[in-house]
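Have a look at these structures, which come just after this line.
You will see subunit A twice below: alongside subunit B first, and alongside subunit C after that.
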Partner chain A sequence: MTAGLALDVLLAVALPLVGLAAVLRRDLVQSVMLLFSLGVLLAIAWARLGAPDIAMVEAALGAGVTGVLFLSALARVGPDDAAPRAASVRVALAALAAAAVAPVALAVEALPRAFEGLGREVLARVPETGATHPVTSVLLDFRGYDTLLEIAVLLLAVLGAWAARGGAPSPRPPAPGPILTAAVRLLLPLMVVVAGVLLWVGSSAPGGAFQAGTVLGTTLVLATLSGGVALPRVPPWVVRSMLALGFAVFLAVAGATAASGRALLRYPGAHAAGLLLAIEAALTISIAVVVWALFERDPEERRAEGEAGGREGEAA
Partner chain B sequence: MTALDWMALPFLAASAFFFLAGTVGLLRFPDLFTRLHALAKADNLGLGLAVVGLAIRSGSAAVAVKLVLTWLLALVASSTSCHLIARGARREGVEPVRGRR
Partner chain C sequence: MTSAHLFAFSGVALLGAGLLGVLAHRHLVRRVVGLNLAGSGVFLVIVALARRSDPPDPVPHALVLTGLVVGLSATALALALAVRLHRETGAARVPEEDGP
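And then the complex of A and B:
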């Protein structure tokens, strides 16, 4: 497998170089483009490491949404805000980042070398869960508590983003033109189908709520940013309910399992598969809306603005 | 190497050639528009040839269909993004280089 080794060496050399170049570029747009490349390389690296679940999320988030988020932020700030900071500030920030990473490096160094990991134990007990894909068993059953809290963190991230950006509307994208509109119209239904397939196969193959949610979220972002396809207008409470749905369903299942005398999130065997699918479907919707919400302001703001505008109109 | 591998070899070699040519064009061509031309055209052909080669090697119709679908999606995405980059550059006043330099 010398070809595989050559690819791995290439990745190992390219990853830190591209990462470094992304940080050192003075032009922020170029930095973001390098960040896209880093995401693609990382996705390939995860695939090479035999982790297709993470590779898919990395491809959708790292090589997709994160960079687009940076670009849309760059479109909103002025050239002064985007100017690079003084060298002393950059050095201080780098030192701070290094100090934050150092404990992790030390912790990895302290790990026992001969430890085989929990893989064998996990594989032995996958049949006890409602899924046959070990990653799904781990995420939603063995460590369901962590995943529950991760969803809460995503919800908090959106609240933070909405609070930070206030009611400022996004800059209007330029008119989409026929080619972009045609491409988006072709891609959107396919992306929705892919998200559905990822959700469905998640119990037995790589996929699941996180992969499906990020693909569906990217679909919404593509429709919004391209300006070629109008998303249906829904009342703000619907958007908020969809944001909270995943956490709410997960929490309800956790509460029900705890109330029925089992351990928290220890699913009753007969209903485990159904419960997992319900949680995954709810999580998919919420994760998708979370991704979309990072690009949009709180719909309540838009409605409040519309009402204020309406009142002003009446007064005039 | 099996017979399928030998049949796939010319396609994969041609694919590598077009990717290489596209990359040389990206590095050597004088302006944004010609570089886009090199990338979008040569790489899409290179990807198509790679898809044909890998489809032959896989020996499976299901895998071949998935590979061809992947190529078609890449064609749509790359031609659209190429068009958007060129249009954005034109709007910002980037002029193509004319004549010899």
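And then the complex of A and C:
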């Protein structure tokens, strides 16, 4: 137990320090590298906090795709060459940030050290849902409406990113290196299998659409970046259909439950497990393509430029 | 000090570091780094406070799970806008209001 506590203390101290270093570094590339490290530390912290579902997504996003997005933006925007501010200004800004979070620290301090939360009520009613893993029950049943709207937010973000990138010059295809290409070839099938397992176990154990989708999306990003592995080429409308699939299936189920006289997204008991799996499978595909699309350009535009259509991998 | 509260304070400190990043820099990519850190800090506070019961409360876990993916999409959109601004104006920074 003491070893566990020592690890907790180490993590709790390291997290804000690494974050502060990412903010204060002069070189933005170093900042982004520190952001990668922070993602790894956070993934361990989530595991220590008993949140394996979050740890898996963090490992794929925080320690992976997020940094890739920053690096690809940096390559286009260039370094921060502004002169550093006067020391007095920096001290004042640090004091301002500290003053802003001090009330939050006081509020956290005032909270009771043990608190039941909603855990017991969730556990009592999990058998009514189509899943046995509490987080999945919350995600797709108790708070299904939230998740439905969050998928819509993801679609809007992709549309926004594609619109902002409109008319941008084509990025140079990376030169494939032998080691990276070989590693990606080995990892690609393995990660597709991992995503499939995560999707399947999601109803009864940590895992599910968000974990499977982010792992699969990260795989697509890795394959695209490595340049040495050709993803199957599919027409732009297929990419768009895959983006919309999760939201469409989720919305159709919501509409069907509402039309059958039940509350919105209140699944009929006998079909709940099947409906949840269908929604999760559709969400997995859409989340994977969203993660990939967030750093890509609109495939329609690429085709219009005479490139050989959008590149896309088949999900699972 | 329980581990749950330890991580909650760690999250508050991370939020502070992120806010400093947003306040201290004009370069837009740096500001997005700050926002990203602040978001991670908030997630850490939420999940740490869910650890106060055993087993942990699954409701905040589900919120943060979707929050991570939404946070990624917000980061990607913000960076795409910063790159576009750079393409239009030649600089990706917040304009100076009253000279340097």
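Basically, the second predicted complex is superposed on the first by the 263 of 316 C-alpha atoms of A that agree within 3 Å, B and C clash if a C-alpha of one lies under 4 Å from a C-alpha of the other, contacts with A are read in each partner's own complex, and residues count from 1 in each chain.
We take it that a contact is a pair of C-beta atoms (placed from the backbone, for glycine too) under 8 Å apart; a residue touches a chain by one contact, two chains touch by 3 or more.
None of the values given here were measured: they were computed from a predicted structure.
In the superposition on chain A, A:91 makes contact with neither subunit B nor subunit C.
Look at A:164: by the touch rule set out above, it reaches subunit C but stays clear of subunit B. Using the contact criterion defined above for the overlaid structures, shared-chain residue A:304 touches neither subunit B nor subunit C, since it reaches no partner. In the superposed model, A:13 makes contact with subunit C only, not with subunit B.
Look at A:193: by the touch rule set out above, it reaches neither subunit B nor subunit C. With both complexes superposed, C is the one of subunit B and subunit C in contact with more subunit A residues.
By the touch criterion stated above, A:61 is placed in contact with subunit C alone, subunit B being left untouched.
When the two structures are aligned on the shared chain, A:183 is found in touch with subunit B, with no touch to subunit C. With the contact threshold set out at the top, not one residue of subunit A is in contact with subunit B in one structure and with subunit C in the other. Only residues 2-21, 23-30, 32-34, 36-37, 40-41, 43-45, 47-53, 55-66, 68-70, 72-77, 79-84, 86-87, 92-93, 100 of subunit C touch subunit A when the two sit together in their complex.
The residues of subunit A lying in touch with subunit C in their complex are 4-5, 8-9, 11-13, 15-16, 19-20, 22-23, 28, 31-32, 35, 38, 42, 45-46, 48-51, 53-54, 57-58, 61-62, 65-66, 69-70, 73-74, 76-78, 80, 82-83, 85, 90, 93-94, 96-98, 100-101, 104-105, 108-109, 111-119, 122, 134-135, 137-139, 142-143, 146-147, 150, 153-154, 157-158, 160-161, 164-165, 168, 210, 213-214, 287, 290-291, 294-295. Looking at the complex, you find that subunit A touches subunit B at residues 174, 177, 179-180, 183, 186-187, 190.
Across the complex, subunit A is touched by residues 73, 76-77, 79-80, 83-84, 87, 91 of subunit B.
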